């Protein structure tokens, strides 16, 4: 395997950084979805943003990021409110409510994409599903020595800077309101009796998930967003019973999966002698699944093997 | 009807049959609160489809042989459902996390395999992507007829095992205690869901097929508290969505069938949410207001 | 914090004759079915109150509606003479144990500290002072040794004591408890009863859903008897009569109370 520095710096490094920050933001916010048994909110949001993105494009008439982001965020919030309304007012069970709302919005997005103006550019539903990580290029640095100049980091591609900013926002908000987020996830009724509005906090959690999902989604696609919202947090659940370690571990797993999965996709096939690269977003999702699967089997206390042997030991003792 | 061609008519009837079957089977998924398991099932068909395609190529069979691809889809979908059950049973993870993880990881695996196929010189992957969002236009008449027949078979099976499925959906514990083979009934139900999903892949696509299972059933729930009626209404809503959607899409080139079918169903859902007399919004708030008035006026006898 | 200080100044003492809780015309409906009808009741300014009634009488619903956790169809709620919303800091709540996710990654001490989040305020750090108060509350229910256990690894009775400690950490004036003695071991029951008496002695009001009629008179001063509406209320000796019981429980009432009263 030999990759020259320029290729790595211009193609692989920006993609790696984008994957890293996307995975970190999703993994962090995902903890609260998993703990509140709302993992599928991630599924719902990442599908529901499609019409917003297309509408943003149709209104602005360009592929600029800002109108599309605004559209996506609006669609995500609309989806969140609609799911809540259908669930509360229609007394529809949460899973079905999500299913009805997000498929409806996604279908709307697919129809909008097929209309004239959107068709002119390469806005297609495929890249919504699995992103364009490979298309993020950083053509500025000419060699390793350039990286020591701090100014050069500001020239990173827009997507990478955006993802880094979103991660910083998520991390800051969660650190500041860690106590409130934990309380509302654990016992919303107590939060209400204490006068800490649980409804508001829940909306903030959904909004953060939407922010992480939307930022990540242009680079890595909606499927990886779902994988990253759920898998790292679920993996961490198998190792710890404390909130702090839960968050830290999920970040570690999320970041590691992002970097490792990209590495596997970009360099794995050539190591095996094939002259190709496989889809990076898909490969990160698969790696996340493998790590979760291994943890399910092998985690020291809550893993399947530990449970079986623990039961056997107890059985012998009894 | 005279204005549509023979092939279109078959596709249209096929979509109607699909909607009917999905609406009926979906009732049990919604009532068992497993609506989103079918989402994982449908997303998880992708790696099966692509793997079947690769297998077919290796064996020298034509890659786009529909029965082969759909068999692959059914197998990987079934593995996904079994994985969800196993995670739920053996770990502390909750069902929602299991569903989300399985859905995204299986789909991710499908995407990786798809990117491998695209790099193969001999392969033509264009047909495979059609399963993601559906592609009614590419359906051959024979295929459409076969799929329509399968959908009708699924609908008939639901009607045949109505009693057993009702027992399972209402009170699994009681059914088991009363000596019913709940495991096997559950398996039969999941097999039907898999069948409907696989049948719907070409028409609606794997991302949106879940809507045909959930939305008509949830719509029907607003109109009735009786399961048999719910089944009929859900089947009707599904059939109308499938038929109208396919018709609209055949008339207007820029309306993709899968998405339009789903939008028709979603529209019916929201109309029902508001106007359905028994559980709809208007009916309920009217009754609540009446209760409140009666209470304040002291008309209610203690 | 400011709000709490202000409200503190407004709490009339027991002598002022204003009840801790004034419920007026409260009705609650689930699914168009009236669960509670027109309850008007004023809790005493201090003491222990048992909320009794048969299964499905609306006891838990009453607590939840009073706390604003379920919407009321009609009626108003006042706590120490002011609307509930402005008196949150004065209220503590011990929910039924079933409603909790025991797998959640929090320790007993974490859970008790949550009782103080209202005092700490939005976005503020948990300081040592609050942690010490939480520890003290745990100690009061005999659970200090288990402070760092994950809550799922405690026994049912221990979990109940942790929830009681959480309410104590709130330093409320008025407590609501939903069947705190249901299904707990003898040691836990003794601890909870002792804490109830301490709260009473400190001049606080405790309103407690209670299912065991036989122990009402030993522990509580007042009783609120519900069955779809108010049946009777008042000091135990006056309200817990055979006739009221028959009105609440039907004919099964004979024998609910051991011996003549």
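We call the chains A, B and C, going by the order they appear; numbering starts again at 1 in every chain.
One rule holds in what follows: contacts are C-beta pairs under 8 Å (C-beta built on N, C-alpha and C of every residue); 3 or more make two chains touch, one makes a residue touch a chain.
For clarity, every value in this text was computed on a predicted model and none was experimentally measured.
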item: Category of the chain touch graph - line, ring, star, complete, other; value: complete
item: Maximum centroid distance from chain B, chain identifier (CA atoms); value: C
item: Closest chain to the centre of mass proxy, which here is the mean CA position; value: A
item: Between the pairs B-C and A-C, the one where more C-beta pairs touch; value: A-C
item: Chain A and chain B: spacing of chain centres that average the CA atoms, whole Å; value: 26
item: Centre-to-centre distance between chain C and chain B (centres being mean Cα positions), rounded to whole Å; value: 46
item: Euclidean distance of C-alpha centroids - chain A vs chain C, Å; value: 41
item: Residues of chain A touching at least two other chains; value: 37, 237
item: Residues of chain B touching at least two other chains; value: 92
item: For chain C, residues contacting two or more additional chains; value: none
item: Contact set on chain B toward chain A in their complex; value: 30, 33-36, 39, 43, 87, 90-94, 96-97, 99-112, 114-116, 119, 129, 132-133, 207-208, 210-211, 214-215, 217-218, 221-222, 254-256, 258-260, 262-263, 266, 269, 273, 279, 281
item: Touching residues on chain C, where the partner in the complex is chain A; value: 67-69, 85, 88-89, 91-93, 95, 99-101, 104-107, 110-111, 114-115, 117-118, 120, 122-124, 126, 150, 152-153, 166, 170
item: Residue ranges of chain C touching chain B (in the complex, touch as defined); value: 27, 29, 32, 34, 37-38, 73-74, 103, 229
item: Footprint of chain B on chain A - complex, ascending; value: 34, 37-40, 42-43, 47, 86, 89-93, 95-100, 103-104, 106-108, 110-111, 114-116, 119, 125-126, 129-130, 223-224, 226-227, 229-231, 233-234, 237-238, 265, 276-279, 281-286, 288-289, 292, 296, 302-304, 307
item: Chain B residues within the chain C interface of the complex; value: 92, 284, 287-288, 291-292, 295-296, 300, 302
